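For reference, the structure discussed in these notes is given below.
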Amino acid sequence: MAGNSIGHTFKLTTFGESHGEAIGGILDGAPSNFKLDLEAVQLELDRRKPGQSDIVTQRKESDTVRFLSGIFEGKTTGSPIGFVIENENQKSKDYSHIKDVYRPSHADLTYDKKYGHRDYRGGGRSSARETASRVVAGAIAKQFLQHLGVTINAFVSQVGTIKLAGDLTKIALPKQENDVRCPDSKVAQEMIAYIKAIRKEGDTVGGVVFARITGAPMGLGAPVFDKLHADLGKAMLSINAVKGFEYGSGFSGVEMKGSQHNDIIQPDGTTLTNNSGGIQGGISNGEPIYFRVAFKPVATIMQDQDSVNSKMEKVNVEGKGRHDPCVVPRAVPIVEAMAALTIFDHYLRNKMTQI
Amino acid sequence: MAGNSIGHTFKLTTFGESHGEAIGGILDGAPSNFKLDLEAVQLELDRRKPGQSDIVTQRKESDTVRFLSGIFEGKTTGSPIGFVIENENQKSKDYSHIKDVYRPSHADLTYDKKYGHRDYRGGGRSSARETASRVVAGAIAKQFLQHLGVTINAFVSQVGTIKLAGDLTKIALPKQENDVRCPDSKVAQEMIAYIKAIRKEGDTVGGVVFARITGAPMGLGAPVFDKLHADLGKAMLSINAVKGFEYGSGFSGVEMKGSQHNDIIQPDGTTLTNNSGGIQGGISNGEPIYFRVAFKPVATIMQDQDSVNSKMEKVNVEGKGRHDPCVVPRAVPIVEAMAALTIFDHYLRNKMTQI
Amino acid sequence: MAGNSIGHTFKLTTFGESHGEAIGGILDGAPSNFKLDLEAVQLELDRRKPGQSDIVTQRKESDTVRFLSGIFEGKTTGSPIGFVIENENQKSKDYSHIKDVYRPSHADLTYDKKYGHRDYRGGGRSSARETASRVVAGAIAKQFLQHLGVTINAFVSQVGTIKLAGDLTKIALPKQENDVRCPDSKVAQEMIAYIKAIRKEGDTVGGVVFARITGAPMGLGAPVFDKLHADLGKAMLSINAVKGFEYGSGFSGVEMKGSQHNDIIQPDGTTLTNNSGGIQGGISNGEPIYFRVAFKPVATIMQDQDSVNSKMEKVNVEGKGRHDPCVVPRAVPIVEAMAALTIFDHYLRNKMTQI
Amino acid sequence: MAGNSIGHTFKLTTFGESHGEAIGGILDGAPSNFKLDLEAVQLELDRRKPGQSDIVTQRKESDTVRFLSGIFEGKTTGSPIGFVIENENQKSKDYSHIKDVYRPSHADLTYDKKYGHRDYRGGGRSSARETASRVVAGAIAKQFLQHLGVTINAFVSQVGTIKLAGDLTKIALPKQENDVRCPDSKVAQEMIAYIKAIRKEGDTVGGVVFARITGAPMGLGAPVFDKLHADLGKAMLSINAVKGFEYGSGFSGVEMKGSQHNDIIQPDGTTLTNNSGGIQGGISNGEPIYFRVAFKPVATIMQDQDSVNSKMEKVNVEGKGRHDPCVVPRAVPIVEAMAALTIFDHYLRNKMTQI
């Protein structure tokens, strides 16, 4: 009800503010007797952490996850998996410059009016730091899915106006991600150069993350309100800074005719085209699932801006601190995590379809 | 769990197949002691029904809603509102041509594999007929919202490649909708002509519905997973044929810089621009909420197509029956209904934020 | 949220007031491709209906269920099962004697204060008539359970001070239920005579329903809050007029020592005794599950009583109408239905325990 | 779904095994801007902890709660309250005597069969240690309720066959609890002596906790499945070792006639008697709410017992360790906590009844 949980059968609940004691979560519904690779979880978390390259925020946070329950002798027990990531140095910071200020396009004003009391330190609960907990849970979901033969990959397909061309559903992925997490190294260089230039201006820019899921069995998704793409869409739209979601042909499908758009089914069950994005009637059809997620430019810029304070008086907001000039490189593991949570939740739900 | 419910506090559960006995639903959580205009509900349902103009399907269904509970002496009682819409002539149809056939880009194959047993008559549960129940519930939600000063309007902004230009957040809406439900009568004429031409080809085409919500108070939405736009997105993506959702600056915001995209807050609490689409940090900020919903071309076309039957043998699918050449005109009241359900659910949830 | 649903995976939502248009429900989550015996559902409903013997209310209601969806060619489709039971003659009654009166130990006062508007006709939503919808859904659950080898039987073990003696977990059940649904025909005769005498006084009396479930596999129930007996307890306590629930040794177990109470496990997995009532740590252990449900005397008596009206003025409440002098005979199928819904919900949930 | 959460609007999810790293939980839905007394929470936890008197287990656990989020500058923020209680010395214990043994009337066998993998250390997730997390959350709920004028008190009314006589709904409570938490000091002495004698035998005994709630406003509870007493019952039955729940007249009400049992309403809205236990039609009527909870004798006894090992071979289970001879004294704060969580959840839910 308060919006801190996602999933029905495989359910993640998170807690924590960016500068409180710690963040963390409870992952409930993980099947038992499954060997987990906890180092792989930490590696996934490292893909999201600040300071990993020179085009992301230079804040230093080690982001080490500690598991408190639900795992015994290396295997899941079926009990809820509780975990925490301590916040470091959270007490030493000075927040006087934002304490009474509502920053433009941040959640400061809306939180204060909704709750009547706000943790103003670094965005509090509205900070994207919360997504670290999602990456932990998503990394666990990925291991279950891997066991089932399902692979989830996301990458950056656009930064500002620089776009990756061609059929992204089939683009080869390098073994090693580059700093911007765009699989085409030439385009990646352009993106990196652009992000650096933007950062020099004290500005920020948006981007698109493209995700594809292969090996998902037919039958995932529920027909009406919990269509697979509806749940994927909600999961993606719940990530900070996301403004749009489309799957399969998406917004461009609008301009097509039915005779072009229809995916002809072959005797082997595959389809000639995949405008459906691997989902028909809300249910996976065994083809690759793919979708695009639009991220706006980060609201925190290194420029002065007009705004108001908590008395609704005009003030100047200083641009300071260490922030991402473009959020999409670090968003890639978050998109993958949310996809993994959604797909595995529907995998478990599908087990109840037939007696 | 089985995906037939939406909403937390104001919750709709629907039932029914396109050619079963009846469709209907239970709307649970409607506040009590509220005078409902049941004629207004029927009028809203009439906006969705087949046969209302010559650019939609010519099927004849009267779609009359009958309320069974939850309303007494014209007012809500706080008990669940049960309602049914009888399906007419559902027994007389001949379905032999689709009984064993999996139509392209339909849910036939995925349903059959998921459930092992399928109501093949007219799509069964996967038919968009189910959305009539949503319109009933949404029309009730609209009345609660109207009482609170919240207005929801949707219209068609694109059909195929024909687009409405200008700032759609401010476009004037005519008192009377035209057949295609596009507020600009000149563009509407183009759209109508195009749809007629497409129909003549036995083909179909996609479109976009634009929605805007004014008067929503600040504070709606929950911070993390149930961000207001995440729940709106899921609600829209759950509508048949939807391929994408974006709000505020959406996918075009990707190309903007932070310094352009940020909405500067004024001392009166409004913002200079509204790239946020009325939602900041997942919570409404009092500005108009607006979003776009992409609909693919209808899968049922009046042309022969290749496909497979339930034995996975190659077959020809005949194009026959009476179907919409373009779904967006009839989708307008459905988009409004889903928006109303989502907004009012969050209105009720927000009542619990402070003691 | 509004309390009209029960179950997680196999979920029933009901609607309807005693004297509205109709009552009914939506059963969501029924596994697909399962042949249902709809006549058996109606027979179960007949066990609950008024007028079936001379110790229950003499009201005439045919209680015929009509299925609207979710069943095709005799088998479940996995879509929600919508059903209605029309209320007969609901418009002809005269309620002037209770319209503005709050009857003692009824929900009249609490509903009016909670909702600000009340359907005063025959109790409205608080009427036990709502339980007919539960019996429909429970009868479907029973068929799934029967397929799995699980049997649920309830019977009357006490009326007023007349109690069935001996080990009720092993008492033989007759093929044909008698009017009071007590398996010992001698005790049944006493109970029937007592109920008739009570009715002659214009009074009512309470009773106990004993239920036992055999064949339930090991592993049903979730460890912490959704312990199998906690969900059974809630399901029973949700039935009108229930005041208490105990399982296994129950309240009498309080007086035992651990060395007596412990159920010694045998090499074949059974236990020497069954004080645990078939549930250990909230999870079924394969032994018979059994519990007792206490029903208070019906609040509607055929005697004059003091009370207040809606202006909180003293009034006399007339005893009139046709009501049950003792609720337990008709409660037996309701107890069975709620047990079946709970057990089958946990059966489905248990499918997700291991990958 | 996995049963580790309780509550709809005010929702507690717990994690943790008795001998894992830590236990804890997330309390979601706490209203914002409310000053919390965190010392009072710790004091409540101290009422539950081991070693507090010589009639409870002599294990030493400090049970110190650490709050990680949701509280800022002493006040709730509306964000989820995450908390942990570290388990001390959890690694030093020797569990070889129970590793492969299924103890009688414990959850060892059922967990192992359900999950295929079990944390055998001290009961793991099935240990009553989990209830410490409930006491933390319940202590927070109590503070909200105190602010609203609602008081919750529980006490021990029976140990073995020693019962507190008289009208327990009106018994005076001493300022200071005695070791057994029975308000009558003479009966308390008997109980204490009995528990000591039982412990000397290496045995255990059951008991009853009586709870009463005063000051609850009219209108709490939802009519059908979430009746206030149904949710209270489930909450109580979810506590380890509970075998029964009754409210108001309970099982003894069975023997009463309607004319005796009915609570006559007075012009001031109170009732002459309170056989209803403060709840009519599932909704609080403003009278004191009271109920009784039956606890079985603790399964761990200091005597040798027959049982089986994980190969289902006959074995002898040694009686060793430090355990409670009678659980009810320490159960009192747990019962209060679960009552507080349930009542406050319904308080919040009731805010949505009228617009």
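Which chain is which? They are A, B, C and D, in the order written, and residues in each are numbered from 1.
Everything below uses one rule, namely that contacts are C-beta pairs under 8 Å (C-beta built on N, C-alpha and C of every residue); 3 or more make two chains touch, one makes a residue touch a chain.
Owing to the predicted nature of the structure, the values given are computational and were not obtained by experimental measurement.
Interface comparison, B-D versus C-D: the pair with the greater number of contacting C-beta pairs is C-D. Superposition of chain B on chain C using C-alpha atoms only gives a rotation of 180 degrees, nearest 5. Note: centroid distance chain B to chain C, computed from Cα atoms, is 39 Å. If each chain is reduced to the centroid of its CA atoms, chain B and chain D end up 46 Å from each other.
Chain C and chain D have centres, each the mean of its CA atoms, that are 26 Å apart. Shown for chain D are the residues in touch with two or more other chains, namely 1-2, 4-5, 8-9, 14, 29, 32-33, 78-79, 114-116, 125, 223, 352-354. The touching residues of chain D, counted against chain C in their complex, run 1-6, 8-9, 14, 102, 104-107, 109-111, 113-116, 125-126, 130, 158, 160-161, 198, 201, 203-208, 218-219, 221-227, 229-231, 233-235, 237-238, 243-251, 253-269, 271, 275-277, 280-285, 292, 294-301, 303, 305-308, 312-314, 349-350, 352-354. Of all the residues in chain A, the ones that touch chain D in their complex are 1-2, 4-5, 8-9, 11, 13-17, 20-26, 28-29, 32-33, 66-70, 72-73, 75-82, 84, 114-119, 124-125.
Considering their complex, residues 1, 9, 29, 31-34, 78-79, 144, 147-148, 223, 348, 351-355 of chain B touch chain D.
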